[in-house]
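Each of the next two complexes has chain A plus one other chain: chain B in the first, chain C in the second.
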Partner chain A sequence: MNEFLFSIGIGLCILVFFVLYRVVYGPGVFNRIAALSAIGTKTLIILLIIGFLYNRVEMFIDISLVYALLNLIGTLAAAKYLEMEGVKQ
Partner chain B sequence: MSLTLILSVIFLAGGLFFFTTATIGLLRFPDFFSRLHATGKGDTLAVLLSLIGLGFYEGISLTSLKIVFIAVFMFLAQPTATHAISRAGLRSGLKPWMKEEKKG
Partner chain C sequence: MIQKSDDIIIKTLARILVPFIQIYALYVIMHGHYSPGGGFQGGVILAASLILLMITHGVKDTQKRISEKAVAIFSSSGVLIYAGIGVLCLVLFGNFLDYSTLAKILHVDPAHARSYGILGIEIGVGLAVMAVMFSVFFDISQGESSGEDKEN
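Coming up: the complex of A and B.
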């Protein structure tokens, strides 16, 4: 089962590198923020899988919970800032 | 192999599949709103499936209770973030993509 979890984590890491293309080259700032939010959700699952692989999941689950909260707050703050008038994109 | 292990493998594989489709949509679709259409719904479902699979793997404990809490929170938070970013894009003047003959 550990090998299966390891392969799922490797697959998610490869997907993060694909999404990173959209963060770097994406036209405009909104594409970049949407791609960053997608990277954050993938990182949450990767953190949990790391916790299961190292047998320390009761520590990593709290980090993952905080990561989910910060991802939401960051995306909402960026959206609210870009929605204001007079902000150059 | 016990039943919970088989269920965990099925849910984790489904989660990875939906993450892959959401990423392909994010890379290949033509404009901002259709990219959000792919990644908002696909990532929500994929996170939900992956967390359910990890919860089956853990069994009944305080950790799996926290995993269920993260799943409920992500099910509320992910559509909220998608809605906020798409509304910001619409109000700051991004045009939705259309077919060529409808433009003129």
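Coming up: the complex of A and C.
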């Protein structure tokens, strides 16, 4: 079971780099925001997998909950900023 | 300046989510000495809930719930709790923040007195961090609007 989780974690770590490409070179701001949000979600899952590997899930669930929360608020704030810029133009 | 959002999905989401975020923040503060987290982290989550409210419902609606005066009182009372517990330990012939001397007041054994002392410190830190984070965010959003007005 541990090897399975470990390989899934490594796979997610590699996938983060593919999404990071969209963040850096992605056409348009919306692609970048969506990619950032996806990276946040992947990080959350990686954190939970680390928790399973260390047999201390109850600790890592706390951290990943906070991460999900701040990810949501960050995405909302970026979207709000874009909305504001659109109003000005 | 942050305006009121017209999107009903975002507003409903924020209205439902904010109480749960605040309960979670209180959990992080209260369990700071058993699990990851503590005063600072809990305070940041509390401030994040208020910032979410401000982003979705606008500055005026948020100020109805928590005014700038209340933020100032919260931040200074948080520091007062922190420093007060520290000085209380000094008064009881211990070092600064030496919680075991609190056992003389609380009538418990020193180990429990340390636990309660850390809890008090974390509540103070959480209050101060929440108020300062929120006030920094508030001031930044206000400053941006005044700059735009000058440009126009």
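Definition applied: the second predicted complex is superposed on the first by the 84 of 89 C-alpha atoms of A that agree within 3 Å, B and C clash if a C-alpha of one lies under 4 Å from a C-alpha of the other, contacts with A are read in each partner's own complex, and residues count from 1 in each chain.
Here is the rule we use: a residue touches a chain if its C-beta (ideal position, glycine included) is under 8 Å from a C-beta of that chain, and two chains touch if they have at least 3 such contacts.
None of these values were measured; they are calculated from a predicted model.
J.: Just chain B (first), just chain C (second), both, or neither: which does A:45 touch?
T.: Touch partner of A:45: chain B, not chain C.
J.: Figure out whether A:80 sits in contact with chain B (first) or chain C (second), or with both, or with neither.
T.: Both partners, chain B and chain C.
J.: After lining up the shared chain so the two structures overlap, which partner does A:10 touch, if you call chain B first and chain C second: first, second, both or neither?
T.: A:10: touches no partner chain.
J.: Please indicate which partner A:59 is in contact with in the superposed arrangement: first for chain B, second for chain C, both, or neither.
T.: In the superposition, A:59 touches chain C alone.
J.: As a test of reading the superposition: which chain, chain B or chain C, is in touch with more residues of chain A?
T.: If we count touched residues of chain A for both partners, the winner is B.
J.: Give one of first, second, both or neither to describe whether A:70 is in contact with chain B, with chain C, with both, or with none.
T.: second
J.: Please indicate which partner A:20 is in contact with in the superposed arrangement: first for chain B, second for chain C, both, or neither.
T.: After superposition on chain A, A:20 lies in contact with neither partner.
J.: Could you list which residues of chain A make contact with chain B in one structure and with chain C in the other?
T.: In the superposed arrangement, which is not itself an observed complex, chain A uses residues 58, 62, 65, 69, 76, 80, 83, 87 for both chain B and chain C.
J.: In their complex, what parts of chain B are in touch with chain A?
T.: Counting only chain B, the residues touching chain A are 5, 9, 12-13, 15-16, 19-20, 22-23, 26-27, 32, 35-36, 39, 43, 46-47, 50-51, 54, 57-58, 62-63, 66-67, 69-70, 73-74, 77-78, 80-82, 84-85, 87-89, 91-92, 94.
J.: Over in the complex, which chain A residues touch chain B? Could you list them?
T.: It comes out as residues 1, 4-5, 8, 11-12, 15, 18-19, 21-22, 28, 30-31, 33-35, 37-38, 41-42, 44-45, 48-49, 52, 57-58, 61-62, 64-65, 68-69, 71-72, 75-76, 78-80, 82-83, 87, 89.
J.: Using the touch definition from the top, list the residues of chain C that touch chain A in their complex.
T.: Chain C reaches chain A through residues 2-3, 5, 10, 21, 24, 28, 35-37, 41, 45, 48, 51-52, 55-56, 148.
J.: Of all residues in chain A, which touch chain C in the complex?
T.: 58-59, 62-63, 65-66, 69-70, 73, 76-77, 80, 83-84, 87-88
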